[in-house]
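Structures given as structure tokens follow.
Two complexes come next, and they have one chain in common, subunit A, joined by subunit B in the first and subunit C in the second.
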Partner chain A sequence: MKSGFRNAWVELSFAAPALIFFLIIVVWPFVSSFYYALTQWDGFSKPVFIGFDNFVNLFKEPGFRIALRNTLLFALAGLFLSNALSLALALALNRAGRSQTVLRTIFYLPGVVSFVTMSIVWTMIYHNDGALNQLLRSIGLGSAGREWLGTYDSVMPALIVIMVWGGVGFGVIVFLAGLSSIPAELYEAANLDGAGPVSVFRYITFPLLMPSITVVTFLGLTTTLRMFDLPFIMTNGGPGDASNTISLIIYKHAFSYSNYGYATAGGIILFLFVGVVSLLQLRLTRSKEVQI
Partner chain B sequence: MNNVRTRKKVQTLIPASILALGLLSACGSNSDAGGNGSVASPNTASASPASGEATASSAPTGSDASAQDTEAFTISVASWNLGDEPLGIVKAYREAFEKAYKVKYPNATIEYKNTPGEAYFDLLKAQMASASAADVVQFQSAQLPLFAKAGYIADLSDMPFVANIDGAPKTQSSYGGKVYAAPFDLNSNGVWYNRKLFEDNGIQVPKTWDELVQTAETLKSKGITPFAGGFKDAWVASMTVSVFLPNEYGSDTFEKDVYNGTKKLNGPEIQAAFGKLQQFVDKGYFGSNALSNGWDLQRKDFEDGKAAMIIHGPYIGGLVNSEMKDSGGMETGFFALPSDKGEPLLSVSVGVLTGVNAHTKNLQRAKDLVTAMHDPDAIVIRDKDAGVFPAIKGIDIDYKEVGNKDFLSVLGSTKSMIQGQFMPASVGDVYAKLFTKMLAGKAFSPSWLDEADSAFVRDKGLVAAPEQ
Partner chain C sequence: MSALQTSARAKRQVDRVNRVPARAAASRSSLHVASQAATWLMGALFLAPFLLFFLNTFKDKAHIFDAFYMPDLTDLSNYKTMLRNTDFFASLSLTVVICAVTLFFIVLFSSMAGYIISRSERRWIKWMYALFAAGQIIPAQSSMLPLYKLGVATHLINTPVFLIIIYVAGGTAFASLFFAAFTRTIPQALEESAFIDGCGRYQTFFRIILPLLRPATATIVTTTVYWYWNDFQGPLIYLNAGDVAPLMMSVYKFMGANATVDWGPVYALCFLSAIPMILFFLFTQRYLLKGLVVGSVKG
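After this line comes the complex of A and B, so read on.
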């Protein structure tokens, strides 16, 4: 018994240097953020304790409710559009033979392009005098043209298109890796039994691809629920609050308004939001996973 | 048994904690949170080919050359606008003030810590809070009360330049009755116009609100956009709203009255300003690309003659002419936004403030560097061709660019106020948001302004209270 106890302390002492560093750099700031969320604090002066006012004011802020809705919209679009498109492309590429490598690179390319470069290109496409409106005019649909990023009903779809375009390649790569790990014998057996493509997908491909779907969905959700860079660079959350997100609100309150207490409260809400949604997603997708 | 259990607990606890906290830190991070999409202050690289004869009168000298300090040392200056720009004006300015500084400190080395754009202010706040900032720091008026209140910047009240500042420069350099920074330049936003387009279309500079609307109608009827729009950039939208506000305030104490609770931000004054913006939006005075264009394309529309007017600050005359130097430049003019309530009210502020880190080990040397940075000869080099207007009295520059002369003349003859002193930054952001909402086709409703009032009530504690 004594030996076991001593071993635990020896192991702990080995971990201690990294652990202490981790506690100071990560744990303490995180824990103290719960205190700062209850204060009005400009980052310099002594924080003033205001109880739960920051949380109450956040939910009263009209922009916060719209940002919450937009954040969910980005997450749902990522979940359904991006994942479905990635899966469809991966399935098509899995049969593409020698062209697979080239097509895989092409689909992955948007994911490695610098976001600033990407935003400049898309800004030019969506500009009122940009490529999209010119294309619409050239095919006689000029009346459908608009300031795509400056109109309430088009700004979110326009941003979602960029998000899906930029993220689809990553899903394709993960799904292709998942598809390649499914034993070919299962498909052969299914063929012998006369199973059609829909049945093969439903009873073989989809269940055995579930671990890949769990990974892609988890990473996609945690990224889209924290959506910041896309609306920040393209629209600054506008027009009005039409493309605002929770991360953008947190950033503005912290770095533009020096209202760190309020921003911290927003950070805690976002953390809980991401945590709950991610846990639900993991529980759901993991329960569908099957082992061979 | 207990020991085994303890060991197991410890073994489980460590990875579990690391996993959980790793997840937490991942959830809280944003790779681009530092943000590089923000636009740098236009003060950084504005320049004009116009050259003017300059005369510097009184010199705010503080360095006593007779008490020379020959010790070799390094002194640092942090800024967002001391980096090189294409025309070499800032470099020439640095060389000029270094020369002035080295009269007293011949073996000094000045180390420049230049960070462009908004990132500078985030960095400066972090450095100030961790006592690792440069010896001399440049910042804007909004930061001064924060830094002074926290004791991060030194009291400069005994410095010679203090005798040469008054009005907005003195107010914005001071906190609690003490002067904490040397003001470099004067800022005011108004309407810049293309003189040739006005002359070609027989348009006189509008003096009243009705004349301004008539001017816009005339230009629009001739296929010229009255005002270049560039509201994709939030700071342009916010600045444009801020130009419309003072005329509606009714008094230069309006913002103080709001702070003291006798006026409201959702009251008739702000409603009137947004009513006028709605009028401009409804009539299409900002053009069809107002929300697609950022500040760069806004300027281009003005330079290309597609738009006749542009609402901006003092940098326009110099900047437009530097960008158009190959095509012969543009003669600009400037006027204050007219009011329908009589004389216009202009908001005047200081652009760049230079202070001394209270924790510096080189306090006197840093103070002397501030003096050198405001040496009249150096200021003339910095300001003459760039369309920058000195905040320190007694430095007279004869600008060749007509628009810059207009600007000075308007500044000297128009009633002015300091805007935004008691307003949290969030209020300006709400205004900008409401303006873009209007540009996107929503009709202004007075109830929108409740959000501005709520933001003010919520963040009031973050700004310095007015002196009673």
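After this line comes the complex of A and C, so read on.
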């Protein structure tokens, strides 16, 4: 085609709106946060350069280490519990015929309500007089009941259950799509060779589902590692620091204590954390992907 | 291969299939029944919180914690109390406007950017594509404070405009990647003939390409509207002091003001704020499913 159609300025004008917004609102604040992370800054006066003190102090703060551990715990629970449940449900639904449509909708439904809604619904379930304890009492296990969100060793599992409830449906849908794209001839051939269900899963289903697993784990990890809304609304990180996350610590330092430089340093650590974990995950699952 | 050989092979295969004992087949089908039952049970467990959610909006103070209490579904007093004490309709309109404006600009900007990404060989455009992809892993907290400072400096902080700008910037990058992948499937011959007929690049895009992008637009809208409707962190940081709060923020504030006293109206507000997205999902899930599937195959 003629040069008029391939004019560089015309092409730039197509990209410009997206690019300008992205540079000003996403890239610039992110890049400049590397500077603010090295300063003492309260948001009003001029930032004072203090080197890596913020980072050193962050790692010395006991609460931060607990938050790091909790964040990792959310990610691991998402990785193993959510994915395993999604996969199991997708495998069961794959042969379910018409009921597949209904169940798929049900499993995805928690994914369309907000964390605020989830928090309000589950706060009542976990309440001392709430549904869970009532249920336990009615089946004679009342002694196992407790204030689920107010007890050190039950608060994280309680939040993880909500996270799984909200996130499983996405995995189910992606895995179902992945399953339906596996050619039926492969299963027929395996059947003729007398392969049992376990080896069919191990040598056919699982390897061919790997691209779907890559997508689901990547999106799962980037979401769970940023976990903020659920602990913020339901427990504010408590009791103590028992359900604190990195995102929550960052928020508190910024808006409760006006430690802007310190909070920004936390943001950098969170970014590195998310970046490293998701790159590792992509390399690992991508290397396991196979082509038919 | 002769017909004889083929039929001999087929016979061997049939024999091998027949060798599978009938009992194994029976246990496989009972396994199937068991897995179906387990899946339905799981489905019921997933739905139970929604049932509780709905019923709680009708419960009075004395019974709000009682999960097994069946309230009077004609008693709308929680809803009435809620409507008296909140700006529900103002919050609803604000949320609708935020979502609509955000999605309009995301679709416009990212269909343009995606078009040029898929059609141009220039190196800086490849770089832009990589930049948009890399931007997806930046957590909101990492750039939160410089962005907050930008909002203060421009006096846009605590205005819906600032929130929309933030949504558009982030959403456009994501959607551009999607539109680029979709535009690649549209043959270039269409544009070439349009050019020969004397169409400029803008005309070609808006008259020929944009209408063909309708399925991609439907996908973007039906998969991402939830992010903006349900977002809590954005308003918490950037729109915390406006006259009217977006729905999720207003639920949060109403809960803070009310929860220890009276949960019923909080549930009523929360339910009315969640129901539009639930209905939207039920009616548009076909597009959403298609979009998630395409997105996941493309990686």
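Here, the second predicted complex is superposed on the first by the 267 of 292 C-alpha atoms of A that agree within 3 Å, B and C clash if a C-alpha of one lies under 4 Å from a C-alpha of the other, contacts with A are read in each partner's own complex, and residues count from 1 in each chain.
The rule is short, and it goes like this: a residue touches a chain if its C-beta (ideal position, glycine included) is under 8 Å from a C-beta of that chain, and two chains touch if they have at least 3 such contacts.
Because the structure is a prediction, the values reported are computed rather than measured.
**Q** With both complexes superposed on chain A, which partner does A:11 reach: first (subunit B), second (subunit C), both or neither?
**A** both
**Q** Who does A:264 touch here: subunit B (first), subunit C (second), both, or neither?
**A** second
**Q** Examine A:226 and indicate which partner it touches, taking first as subunit B and second as subunit C; both and neither are also allowed.
**A** both
**Q** Would you check which partner chain A:275 touches, where first means subunit B only, second means subunit C only, and both and neither mean what they say?
**A** The answer is both, since A:275 touches subunit B and subunit C.
**Q** Tell me the contact category for A:121 with respect to subunit B and subunit C: first, second, both or neither.
**A** In the superposition, A:121 contacts subunit C only.
**Q** Which chain, subunit B or subunit C, is in touch with more residues of subunit A?
**A** More residues of subunit A are touched by C.
**Q** Who does A:22 touch here: subunit B (first), subunit C (second), both, or neither?
**A** A:22 sits against subunit B and subunit C alike.
**Q** Is A:207 contacted by the first partner subunit B, the second partner subunit C, both or neither?
**A** neither
**Q** Contacts for A:32 in the overlay, against subunit B (first) and subunit C (second): which applies, first, second, both or neither?
**A** A:32: touches subunit C, not subunit B.
**Q** Thinking of the overlay built on chain A, is A:47 touched by subunit B (first), by subunit C (second), by both, or by neither?
**A** In the superposition, A:47 touches no partner, neither subunit B nor subunit C.
**Q** Mind sorting out which residues of subunit A both subunit B and subunit C touch, each in its own complex?
**A** Dual-contact residues (subunit A): 1-2, 4-5, 7-8, 11, 15, 19, 22, 26-27, 30, 43, 115-116, 127, 129-130, 222, 226, 228-229, 233, 247, 251, 255, 267, 270-271, 274-275.
**Q** Could you please specify the touching residues of subunit C with respect to subunit A in the complex?
**A** Interface residues on subunit C, with respect to subunit A: 13, 16-17, 20, 28, 32, 35-36, 38-40, 42-43, 46-47, 49-50, 52-53, 56, 64-68, 108-110, 112-113, 115-117, 120, 122, 125, 128, 131-132, 135-150, 165-166, 168-170, 172-173, 176, 192, 195, 200-202, 205, 226, 229-233, 237, 248, 251-252, 255, 263, 266-267, 270, 273-274, 277-278, 280-282, 285, 289, 292-293, 295-297, 299.
**Q** Under the touch definition given earlier, write down the residues of subunit B that touch subunit A in their complex.
**A** These residues of subunit B touch subunit A: 1-4, 6-7, 10-11, 14, 17-18, 21, 23-28, 30-33, 35-37, 118, 122, 125, 128-129, 146-147, 149-150, 152, 232-234, 288-293, 424-426, 429, 433-434, 436-437, 439-442, 451, 454, 458-459, 461-462.
**Q** Could you pull out which subunit A residues touch subunit C in their complex?
**A** 1-2, 4-8, 10-11, 14-15, 17-19, 21-22, 24-30, 32-33, 36, 43, 89, 91-93, 95-96, 99, 102-117, 120-122, 124-125, 127, 129-131, 134-135, 138, 165, 168, 170, 173-174, 177-178, 181, 191-192, 194, 197, 211-212, 214-216, 222, 225-226, 228-229, 233, 246-247, 250-251, 254-255, 260, 263-264, 266-268, 270-271, 274-275, 278
**Q** Note which residues of subunit A are touching subunit B in the complex, please.
**A** 1-2, 4-5, 7-8, 11-12, 15, 19, 22, 26-27, 30, 40, 42-45, 48, 57, 60-63, 115-116, 119, 123, 126-130, 147, 149-152, 222, 226, 228-229, 232-233, 235-242, 247, 251-253, 255-259, 262, 267, 270-271, 274-275
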